[in-house]
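A, B, C and D are the chain letters, set down in written order, and residue numbers restart from 1 in every chain.
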Amino acid sequence: MFKKILIANRGEIAVRIIRACRELGVSTVAVYSDADRRSLHVALADEAYHIGGSAPGESYLKKENVIDAARKSGAEAVHPGFGFLSENAEFAEMCEKAGIVFIGPTPEAIRLMGDKITARKIAYDAKVPLVPGSEGAVSDVEASVVAGEVGYPLMIKASAGGGGKGMRLVRSKEDFESALRMARSEARSAFGDESVYVERFVEQPRHIEIQLIADSYGNVLHLFERECSIQRRHQKVIEEAPSGFISAKTRKKMGDVAVKIAKAVKYKGAGTIEFIMDQKQNFYFLEMNTRVQVEHPVTEMITGFDIVKWMIRIAAGEKLPFKQGDIKMNGHAVECRVYAEDPGTNFMPSPGTIEYLSTPSGPGIRDDSAIYNGCEITSFYDPMLSKLIVWADTREAAIDKMASALREYIVLGVKTNIGFLRRVMADEEFRQCKIDTGYIERHPELISPGERDLRPALIAAAIAMENSTASGPQSQTAAASSWKLFARRSGIMRSPLA
Amino acid sequence: MFKKILIANRGEIAVRIIRACRELGVSTVAVYSDADRRSLHVALADEAYHIGGSAPGESYLKKENVIDAARKSGAEAVHPGFGFLSENAEFAEMCEKAGIVFIGPTPEAIRLMGDKITARKIAYDAKVPLVPGSEGAVSDVEASVVAGEVGYPLMIKASAGGGGKGMRLVRSKEDFESALRMARSEARSAFGDESVYVERFVEQPRHIEIQLIADSYGNVLHLFERECSIQRRHQKVIEEAPSGFISAKTRKKMGDVAVKIAKAVKYKGAGTIEFIMDQKQNFYFLEMNTRVQVEHPVTEMITGFDIVKWMIRIAAGEKLPFKQGDIKMNGHAVECRVYAEDPGTNFMPSPGTIEYLSTPSGPGIRDDSAIYNGCEITSFYDPMLSKLIVWADTREAAIDKMASALREYIVLGVKTNIGFLRRVMADEEFRQCKIDTGYIERHPELISPGERDLRPALIAAAIAMENSTASGPQSQTAAASSWKLFARRSGIMRSPLA
Amino acid sequence: MTYTFKLNDRIFKITLEESDGQIEVEIDGEKIPVDYKKIEDNLYSIILDGRSVTLGVFKKGKKIQVFLDGDLYDLESISEREQRKSSLAASGVQEIKAPMPSRVVKVLKSEGDEVKRDEGVVVIEAMKMESELKSPIAGKVRNVMAKEGDAIETGTVLMVVASDTPPAE
Amino acid sequence: MTYTFKLNDRIFKITLEESDGQIEVEIDGEKIPVDYKKIEDNLYSIILDGRSVTLGVFKKGKKIQVFLDGDLYDLESISEREQRKSSLAASGVQEIKAPMPSRVVKVLKSEGDEVKRDEGVVVIEAMKMESELKSPIAGKVRNVMAKEGDAIETGTVLMVVASDTPPAE
């Protein structure tokens, strides 16, 4: 095992990795930007080195600075976390050259899976399903042939496209010809290029992914799936393991093809194969993430397998002592990403200072975060405050637990999506697992709390005003006289205000 | 299921029960004493009622006040937690009479197991091993007969005894007669009564207990054992599940006899049979606790079984849907009780105000507590601040995780045993599971940190002094110039101070 | 003492009286006894007729953030005079400002364009996400300062919108 | 500025200098550059030559609690004069006081009894536990105020112990 590891990241994932290292008896080295001197990952690490300015490009993305810090501290390995340099093949190579172990796959594997076209080719060769359609641009004749193969509904998309221009959803054969004409014409006027391709339209798509772990000896295991269909702005908000939707048979099929892809590129370390799935459990390869994923904890909760620790062990040359059959699923885990954002204004980030923080705890509750009372959420980095993860024996119980845990979450100073998350947990469609990537857009009623009894808020505000004057009721004792008042009054507090 | 439950307790167990209720969709009613108006259980409950003065006898032990609050709030059931009224048969009866469900066993079962002599008789009838010895006082002749049966080493104890007077440890037959003479003479002069009894001396005893859960339909399951051998002042400090010491065979035997005892008294709800065990895995019945136990979380962590929720479900008339064979053990859990106490002065309680608090979190870590920044630890109640519980796949990994978690625990304002706990986690004997109830006394070197580099503490203290003057370095920026300084100096910080 | 709070477009009045160490509040003509205790500096516990409510409260000048049941409410304590003024805020001239350091991705409206209330007018990017800034009033775009690609600071005025009707007096 | 701290019986001197926004401290004649930042009000981060140390610090007047690596250190900032006085504290007359509201369970020493340093003299019970109070000095019991069964408050003097040797000057 390594003696010292540098964590080339910040925020909760840096903290997560530091904790894993400590438990393995490994010393930790943090790096930090100007904005992060007071950050928790610096406070928790054994050593800390400043690597530059607040903008990621001036620090966390500066490969040389990270390598310098590793050299200075004598770290034998670097864990890149996610984002920043985690999928940067060049950085992985620089580490190798500097004699520092990059905790992740080979630069070669990062490169292969980092290129979408190559990755699709690898998946295709491994007989992994891709969204059916034409490979690249097609003529009118080819288009109608492919359409016949793909079936309806399908999408016609401009090759040069983006932003919905030159894109047409076709629901039946009758509409195909006219839709193709319109798509070409729109593409021509929008991009000056009328080439289009044809692809099956996945209705109400779900995002389901397979967690992989592979050692350097050719052993590749999958740790079942995660469902990450609840998204806003194409970013995951709520993740679960296992999916409440797929069958054991589908699970096995997905796991098997995911392992195949990893074997095709001699993958090592932790990785994830992302799939899109329709409501009939047909699934199609999207991409591979060659790093640890934000939502890895839900997999850890249902398998008891510590993904981050195993990434480190594997990088240190250890062999996986398990076979696929040894990995068991138990219960259900849900993760909510708590963001500093305002759901009311299309989930716009809400940077600022955390003026007060109270986080949930108790049985089956895990809060992976790097925030604290008084910390600053700057606009330099991601606005994710914390990942709240719960485990319970069933999906229903896990959702109930999450709902209960969210009740203990209090954040002042920045807006958060906590209220929104609470409403999702109470929503019938979510509870029945009727979810897809359009869920949030389909449920604008969850954005705001609607009418509720605001009297406690007004009373609190009035007390705060009163307290700020000298004569206020600073800290009234729990007088026995409350008894009388309680007795005198009853049942008057039920009706919502206004 | 109940709609509303009153929690007749305070502190972390009240919070634990409130969380369980919330997850079950049950409204919660807190009760509080004068000293507890600001307590977390009041803040987290849906309703809260004041029940009297700060001393337990004026509030939490006042049966009528608790029942009044239940009536007033319309609670259908009362969860007593542990301590206070939890093993009070009369209170359970009063609840029954008031038409309120007491969440626990019948008053009858509480009474039977609450009386030591009756409990021993029940265990004896159920063929559960008792510490071998004479039942009551013996003559010289009887004594030597019993000694022959019991074997050596054995204890001669004064019937009227206490405080070690009239007590003799006998290691071999040759010493028996003279020891008996001396014990009688000591007993006579100390208590005016020379009666003695004879009992096997359990050397290096371990405290091992079996968790039970029983429904109202005669189903009794055991949830394996907990080892609670690390004690100070006869109070548990560190608990584990499973025991790192016993064999699967012993586990099964203990579980079986525990279930027998519970069946003998038609037990329902959660309960614990406590055993004393020698270093050869011989175990003897000590007593039964007819309530939830402080250390229940370690069992929850290795079984995934939520004991508190099941207590509630059982009281609501639900049937256990499991058979013994369905309950599986997985991994290892350790609990540390964090106390406000000073290990340096024989673990004397250290009441006061929590001036600052930082608690651990992350994968596999559970902190059951009711403390917060600014809360008061009064001398009215137990000085336990929190139960820190961890889970990992092996005992070794769990201890490493606990050691790592304890590093994140910071408490200012009151003295705690955190440093002591950290040293236990690092101790070789503890790590090798060479533990018994004399462990703490045997390891005075763990009490204080010994020599360490105190420079950071002195620097921090100096900065605090400087900051309290106007011109101090309030919040120095992480200047790039640090770089130069780091570069200029190296390797000078290694030697411990003085 | 009576306080007037503004929350979005709504005005609330609350009177707080203390006697015998007990607080009584009056809201909407109803008098309610309140058992109040500060748990921490920013955490209040209120017991109303047995019901226990715990709230986060952060006061900065006249602005008070209250965290109630998962949602953050931005209240503002206002005087009688401010109350009259505030009821006019929904008309008049409004500046669209950058809420944080960001980059202008797209300017959706040009000078003279009609805008509806809550219609998106500028798209900015910050923290790796695009956000749409909306017009708080219906009216016409009077000025456009934002240019696509601009790096902007908190408070930079990006656009000015004027309501169709001149502010009433 | 130079500070003198007392920790149990030991005295530490530390000099703190600030220049160019950088702190340099001198302990035991060694100068050390310190990169310091307050994380929260009571949480300090110190980086010494790359080593990151995070400490809890609570100051109340001249008493400073520092939480370092699991243990709480009670430091006291003292002046030169106090330093001289404090070196005599181990001798002289010492009062044994109740550290918290409690009950006297047992008085272990009588007037005139010899006591060793750190020998238990009174047993009290608080928070359901018995605790032994110890004599901070070796000497003779001069007065016994405590009576078994007494309910006592924080600070109640239970016993007075005088050292054998009269306080040096």
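By definition in this document, a residue touches a chain if its C-beta (ideal position, glycine included) is under 8 Å from a C-beta of that chain, and two chains touch if they have at least 3 such contacts.
Model, not experiment: these values are computed from the prediction.
*Asks:* Counting C-beta pairs in contact, which comes out ahead: B-C or A-C?
*Replies:* A-C
*Asks:* Need the CA-centroid distance for the pair chain A / chain C, whole Å please.
*Replies:* A distance of 30 Å separates the two centres.
*Asks:* Please compute the C-alpha centroid of chain A, do the same for chain D, then give the distance between them in whole Å.
*Replies:* 50
*Asks:* How many angstrom between the C-alpha centroids of chain B and chain A?
*Replies:* Each chain's C-alpha centroid was found; their separation is 38 Å.
*Asks:* Can you list every residue of chain D that touches 2 or more other chains, as numbers and ranges?
*Replies:* 37-38, 40-41, 43, 47, 50-51
*Asks:* Can you list every residue of chain A that touches 2 or more other chains, as numbers and ranges?
*Replies:* Residues 37, 44, 49, 72, 358, 372-373, 407, 477-478, 482, 486 of chain A each touch two or more of the other chains.
*Asks:* When you draw the chains as points and link the ones that touch, which shape shows up: line, ring, star, complete, or other?
*Replies:* Graph shape, chains as nodes and touching pairs as edges: none of the named types, so other.
*Asks:* Please list, in label order, each pair of chains that touches.
*Replies:* After working through each pair, the chains in contact turn out to be A-B, A-C, A-D, B-C, B-D.
*Asks:* Which residues of chain D touch chain A in their complex?
*Replies:* Going by the criterion above, the answer is residues 37-41, 43, 45, 47, 50-52, 54.
*Asks:* Quick check: in the complex, which residue numbers of chain B touch chain A?
*Replies:* Touching chain A from chain B are residues 15-16, 19, 22-25, 32, 34, 37, 44, 49-50, 72, 297, 300, 304, 306, 330-331, 358-359, 361-369, 372-373, 392-393, 397, 400-401, 403-404, 407-408, 477-478, 480, 482-483, 486.
*Asks:* Which positions of chain D touch chain B when the two form their complex?
*Replies:* My answer: residues 1, 3, 5, 7, 10, 12, 14, 16, 18, 20-23, 25, 27-28, 30, 32-38, 40-44, 46-51, 53, 55-59, 64-73, 75, 77, 99-102, 126-132, 134.
*Asks:* Which of the residues in chain A end up touching chain C in this complex?
*Replies:* That would be residues 233, 235, 345-349, 351, 355-356, 358, 379-383, 406-407, 409-413, 415-416, 418-423, 448-449, 452, 454-468, 473-479, 481-482, 485-486, 488-493, 497-498 of chain A.
*Asks:* With touch defined as at the start, can you tell me which chain B residues reach chain C in the complex?
*Replies:* 30, 37-38, 42-49, 72-73, 372-375
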